[in-house]
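To keep things simple, chains are lettered A, B, C and D as they appear, and every chain counts its residues starting from 1.
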Amino acid sequence: MQIRICPEEFDPFHEIQAFQNTALDKAGKYGATSIFVGTMRDLNDDKDVEVMTLEHYEGMTEKQLGIFVSEAQQQWQILDALILHRVGKILPDQTIVLVVVWASHRGDAFDACRYIIEALKSKAPFWKKEKLTSKEERWVTKNTDGYLQKNN
Amino acid sequence: MQIRICPEEFDPFHEIQAFQNTALDKAGKYGATSIFVGTMRDLNDDKDVEVMTLEHYEGMTEKQLGIFVSEAQQQWQILDALILHRVGKILPDQTIVLVVVWASHRGDAFDACRYIIEALKSKAPFWKKEKLTSKEERWVTKNTDGYLQKNN
Amino acid sequence: MVQTIMSIKVRYFASLKETIGKSEDEVSGERTLSVSDVWRLANQSTELPENILAAVNMDYVGLDTNVNDGDEVAFFPPVTGG
Amino acid sequence: MVQTIMSIKVRYFASLKETIGKSEDEVSGERTLSVSDVWRLANQSTELPENILAAVNMDYVGLDTNVNDGDEVAFFPPVTGG
């Protein structure tokens, strides 16, 4: 299991490959990998965003992410998990978050991955401040509910 | 949108990167990518598997996968999709299937990706024949239900 | 009354192909044929095994669906991809 | 009766940090303190804004949770990561 806070840009696919090739000692054992990549959009609440700054509560972030993985392990049969999250200045099209769950079967992989990203969105201590192309700055005040996307 | 049947081994992460860098003209627009990778395990129904052969109904496969993506597009707001599926001889730890869905928001990406893999598992005309390490050959007769994994 | 002669291509896959020992058939008929009729014309006394799925022109159909001249009818076991 | 003097580290994040113009405080008290008490000791007449979340030693807690000597108490707005 790996949880990492990244102050620099990272390539999610390179990271998955690197983890599979080194840390993940389960070749032939996992049949299902569910991956979520969150990417910075150049638009939020109908405003053009130029750059975003991600603040976090160092220590609590890692602790909470570890708790989410433990909770997922208690609910689903999973083999391993990888979570990377950017902090600092982020530009549109850069990766913000990567969640990967390896399991024998797809139901467990999907549900655990979804659980972890929903927990992260609602409980991991990260905060986004956007700088719009109009130069206005604003704190993002609320995450959307991933389960009720269509009703928002 | 790309749907491809692959007679040769492929690297799912290389394929995603290649697609994002060329065919996917939506940088800055997608905030959520949901990815499923199905990998061959060296064990199935408690037997050690040496090699698997995947047969398919050429033409119907592509047609059905296209239908699944259309159905997903009707139900969720998705920006693009990529589906790759191996056929022929497959060894443990090789990728069998890759499903990727790009969307603005994670609810749509997750649900559409899940929808497509479930539809693929239950309706795309692929058939697996396993050769066990005991040299016995057997057709896989039934896919597990991804939604009821824990009850199987 | 003019009767049209229909020509139907039949295909078999996976374990079904091995069981019946062939991958293709060509059947023809002078009257309206259902998918079940196509099976019977192609396989005489061999009953259509249980759980076998059918497609016409690469879309899933029920066994009582009628076929048209030039159609491709396929029979195969439950799918196991992914 | 011997009274212990407790020392509590207080931290603020994101928009709350900007609003109150500080990122850290140190408060001390001689009696049992709840998280709300810690806020009041550190911020006097400034009311704890609505929707603010609290953590003690990096775990979420309710505002009526008691703190112990050496604890780190944090206040912050709803999170927006991912």
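Heads up, the rule we're going with is that contacts are C-beta pairs under 8 Å (C-beta built on N, C-alpha and C of every residue); 3 or more make two chains touch, one makes a residue touch a chain.
Predicted, not measured: the structure shown is a model, and the values here were computed from it.
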Longest centre-to-centre distance from subunit A, chain (CA-based): C
Chain centre separation in whole Å, for subunit D relative to subunit C (CA means): 73
Centroid distance [mean C-alpha coordinates] between subunit C and subunit B, Å: 28
Subunit B-subunit D separation of Cα centroids, rounded to whole Å: 49
Contacts with 2+ other chains: residues of subunit B: 38, 106, 117, 121
Residues of subunit D touching at least two other chains: 82
Graph class of chain-chain contacts, one of line, ring, star, complete, other: line
All touching chain pairs, where touch follows the definition stated at the start: A-B, A-D, B-C
Subunit A-facing residues of subunit D, complex: 11, 13-15, 55, 58-60, 74, 76-82
Of subunit A, residues touching subunit D in the complex: 38, 54-57, 59-60, 63-64, 85, 96-97, 117, 120-129, 139-143
Interfacial residue positions of subunit B with respect to subunit A in the complex: 11, 13-14, 16-17, 27-43, 76-77, 92-93, 104-110, 114, 117, 121, 144-150
